[in-house]
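This is the structure I have questions about; it appears just below.
Think of it as A, B, C and D in the order they're written, each chain with its own count starting at 1.
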Amino acid sequence: MKTSYSSKSRYKRRILTTINKADGSDQLSRGFDIFIMALIVLNVFAVITETVQSIQVRYERVFYYFEIFTVIVFSIEYVIRLWTCTLIEKYRHPVWGRLKYMFSIEAIIDLLAILPFYLPLFFNMDARVLRVLRLFRLMRVFKLGRYFVAFQLIVTVMKKRKEELLITFTLLVVMLILASSLMYYIEHEAQPDIFTSIPATMWWGIATLTTVGYGDVYPVTPLGKLLGSVIAILGIGVFALPTGIIASSFERELSEREKNRKTTRQHEGK
Amino acid sequence: MKTSYSSKSRYKRRILTTINKADGSDQLSRGFDIFIMALIVLNVFAVITETVQSIQVRYERVFYYFEIFTVIVFSIEYVIRLWTCTLIEKYRHPVWGRLKYMFSIEAIIDLLAILPFYLPLFFNMDARVLRVLRLFRLMRVFKLGRYFVAFQLIVTVMKKRKEELLITFTLLVVMLILASSLMYYIEHEAQPDIFTSIPATMWWGIATLTTVGYGDVYPVTPLGKLLGSVIAILGIGVFALPTGIIASSFERELSEREKNRKTTRQHEGK
Amino acid sequence: MKTSYSSKSRYKRRILTTINKADGSDQLSRGFDIFIMALIVLNVFAVITETVQSIQVRYERVFYYFEIFTVIVFSIEYVIRLWTCTLIEKYRHPVWGRLKYMFSIEAIIDLLAILPFYLPLFFNMDARVLRVLRLFRLMRVFKLGRYFVAFQLIVTVMKKRKEELLITFTLLVVMLILASSLMYYIEHEAQPDIFTSIPATMWWGIATLTTVGYGDVYPVTPLGKLLGSVIAILGIGVFALPTGIIASSFERELSEREKNRKTTRQHEGK
Amino acid sequence: MKTSYSSKSRYKRRILTTINKADGSDQLSRGFDIFIMALIVLNVFAVITETVQSIQVRYERVFYYFEIFTVIVFSIEYVIRLWTCTLIEKYRHPVWGRLKYMFSIEAIIDLLAILPFYLPLFFNMDARVLRVLRLFRLMRVFKLGRYFVAFQLIVTVMKKRKEELLITFTLLVVMLILASSLMYYIEHEAQPDIFTSIPATMWWGIATLTTVGYGDVYPVTPLGKLLGSVIAILGIGVFALPTGIIASSFERELSEREKNRKTTRQHEGK
């Protein structure tokens, strides 16, 4: 597939390979990857620590300039990606290809990572909306998905086991509804302020069936305790199903990949 | 198996295939399935939200008319099923076949789904019984069993692993009795109001062995804490047994089904 | 192995097969098994319900006569077993064989099931010791071990996996000690009344590592919370090891037995 | 590999085999192993019980002399190991070999086990540092690693599954960050004193996702409860991944070792 590019095209391709995940020994590309990943991790760290009052007051300016720096870098990255995407086969068309790229999950995540900064500059927003927008900065963590195989793996596993997960999820919801409804009818009279309605009782249901058991809600009547015991024993099995399915699929996926890698290595005579 | 039916019989058969789960491309049957499933889901949603005081007051009439609509639809469905069941081989006899059908699990669930509405019309009932009857409306969720393979799957798994589940359940009960009895004898003196009797102590036993741990009951004496620690470590293993058995059986069942499906598809040359 | 017995010996053998677990179609032996099992279950039920004040006051005489009846039956059973045990090869000697039988686990359990009744008749005992003796009546539940395969199964599994369980138990203890010691050094100053010493902190360790989490003890300092988080994530894995090992061994044992049974059946041409 | 040693060298070798883990029927070496192991276990027991005020006051002198005895024994052991290590191929050089040995994990653990005693003799230390030094005495438990295969096993398993553990750990951290951040934005207004910042909310995140659920922190708003429910269901699966991976690897490792042992035994014609 050797093609001859104009010097501009060659320049463009060099940029594309640089900003994409480094494949082998491309030092510049690797450096760029590490720079972006470090920036993402630092951003997540900033969003988290910023909520600590004492730190926020002290380093307000640092956080501010860091945010601006981040947005500039991520904006440039976004523009470059949009410019170079035409080199990829399926986004080849200069207009429709770019539009198609803009609606890929990858590009949407990239956009959501910078949009919360630009929006308040153009629109009037009240404090509430601004707070939600700040939260959206956490979307930046998903930009890591490009570099980490872990995220792609979990998506693969979930796609493969879609049907099983759907089945167990249905069971789980039915179990939760039945358990909470029964408990509501039994405990409502004894604790009308806590077991106010079936949706409210579901909070107890979740805490019990996941075995978290905060202890803010629990039955007090003998019948309620009896039911709670039966539900705990029966229901935990149902709630453990998706966990078991994901865990075993995940492991099988990983061991298959390892096997493939070994086979490939043997073929390469290594 | 081509048979010639009278026009009435053909009409009846058309109705049977329509109300049964759609097999392939039968649009009418599919539509009917979706309608019934939607009605069931909405009913469950109604039973749940109805218990929220504010919603109940506001939409009382909506809930009332929806209930009447549901009962009418489910009653017609029940009657049609009873009428057409004679087309199924094992319920062929017009009287005994229908009686036999009426006592199938499927038909009993269908009946329990509508009975709570009719009973108060014919019998005098006090408020307490009425409340329990309202609860029975939740039985409607089991009507979904006809459409979802998940419910049938869990029944299959439990039948196949009946013996293992019985064994582990015996162990679990013995473990619970021993743990609770010991804890009662140790903690009764220190907390006579909480560890009042062995049955009462079993509430602690369940909360500990399932690892829910609400925190309403726990030992306070050093000896009680020591015993509680030993029981927690030993007992959790026993309580995890049925969970593990169900989870692994469930998965094996699902992967076997998938294999069968693949084999069938290959035979069909696809 | 056909031997001719004197009429006394034949009579004795008939009694032995009757009191032992029924093997096939021996109706008398089966009846005896069910009678003893029912008596054991009722006894456990009695020991449990007796601790409920209201029931105890009301049915005191019933509990008393039931206890006497139980002890008489179990005593006769014990004497018969001791008398007939000489028919079993390894207990053949009339004196040493019987003594050897008396020290078998089975016979010790049988003795402990009746001893708590006789001891106070011969010795002066204060209330405290008497209460502990009452607890010993629960030992009767282990008499079920003769009839249920479940108990034998768990013993088999534990013997087979002795080494693995020992290893994981060592890890578990080391993990508990390190976690509790670290937490003690960190939290002792902030909560001197709760984290009083390392052994006291172990109660927190157990509640956390088994994920029971009653909520009576938890770190409050930031450093303590950080350590608690790390320990929870690391330690739960270690504490899940024995559970996983027992669960998977148990399942493998059960499926092997099933396979053997199938093979046997095929050999019998069934 | 028969070599002739000078009498000194033979003497030295005898000491080395004695202090190393006994291989077969070497009674002296076995005795030494048991002595050191008992000393380690007693030390850990001492460190733990010493923190109980009443015991510490009563047996202060016993603890003191036991500590001195321990340090003397462990110091002699350390010196002997350093002296004899030159007999091991890779530490053969009298100076560099010994230096290399000093920086092996084994030797560092041995040093850390005695250093906390010597340091305060040579340096002036305030109470705070002294307390941390006392904690370091717990490092002695790791000296057991030489004798127990369990510790080596867990290290092996973790090395083999390094990649999987890294992946799941990444997922776990991302899950924790997202869950805690969302919960912080939702609950901060309703409970500003408890959900003070995202790092503080992470304490809730850990307690929920590990299902410990102490009950000191939990959402109270309907939206917070809804999110908490979704997170509990989704997140527990992710947090169960490393546990599942370690458990299954651990088991596979153990069964492989057993198989190898059996094969070896067969080769030896046993």
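In the analysis below, a residue touches a chain if its C-beta (ideal position, glycine included) is under 8 Å from a C-beta of that chain, and two chains touch if they have at least 3 such contacts.
Computed from a predicted structure; not experimentally measured.
Taking A-C and B-C together, the chain pair joined by more C-beta contacts is B-C.
Although chain C and chain D carry the same sequence, what matters here is overlap: shared residue numbers make up under half of all numbers found at their interface.
Put simply, chain A has to spin 90° for its C-alpha atoms to lie on chain B, with the angle rounded to a multiple of 5.
Inter-chain spacing, taken between the CA centroids of chain B and chain C, is 33 Å.
Centre-to-centre separation of chain A and chain C, using mean CA positions: 47 Å. Multi-chain contact residues, meaning those touching two or more other chains, occur in chain B at positions 207, 211-215, 248.
Those residues of chain A lying in contact with chain D across their complex are 44, 47-49, 51-53, 131-132, 135, 138, 141, 144, 148-151, 153-154, 172, 202-203, 206-207, 210-216, 239, 242-244, 246-248, 250-251, 254. Only residues 211, 213-215 of chain B touch chain D when the two sit together in their complex. Chain contact summary for the complex, chain D toward chain A: residues 163-164, 167-168, 170-171, 174, 177-178, 181-182, 184-185, 196-200, 207-208, 211-215, 218, 225, 228-229, 232-233, 236-237, 240-241, 244-245, 248.
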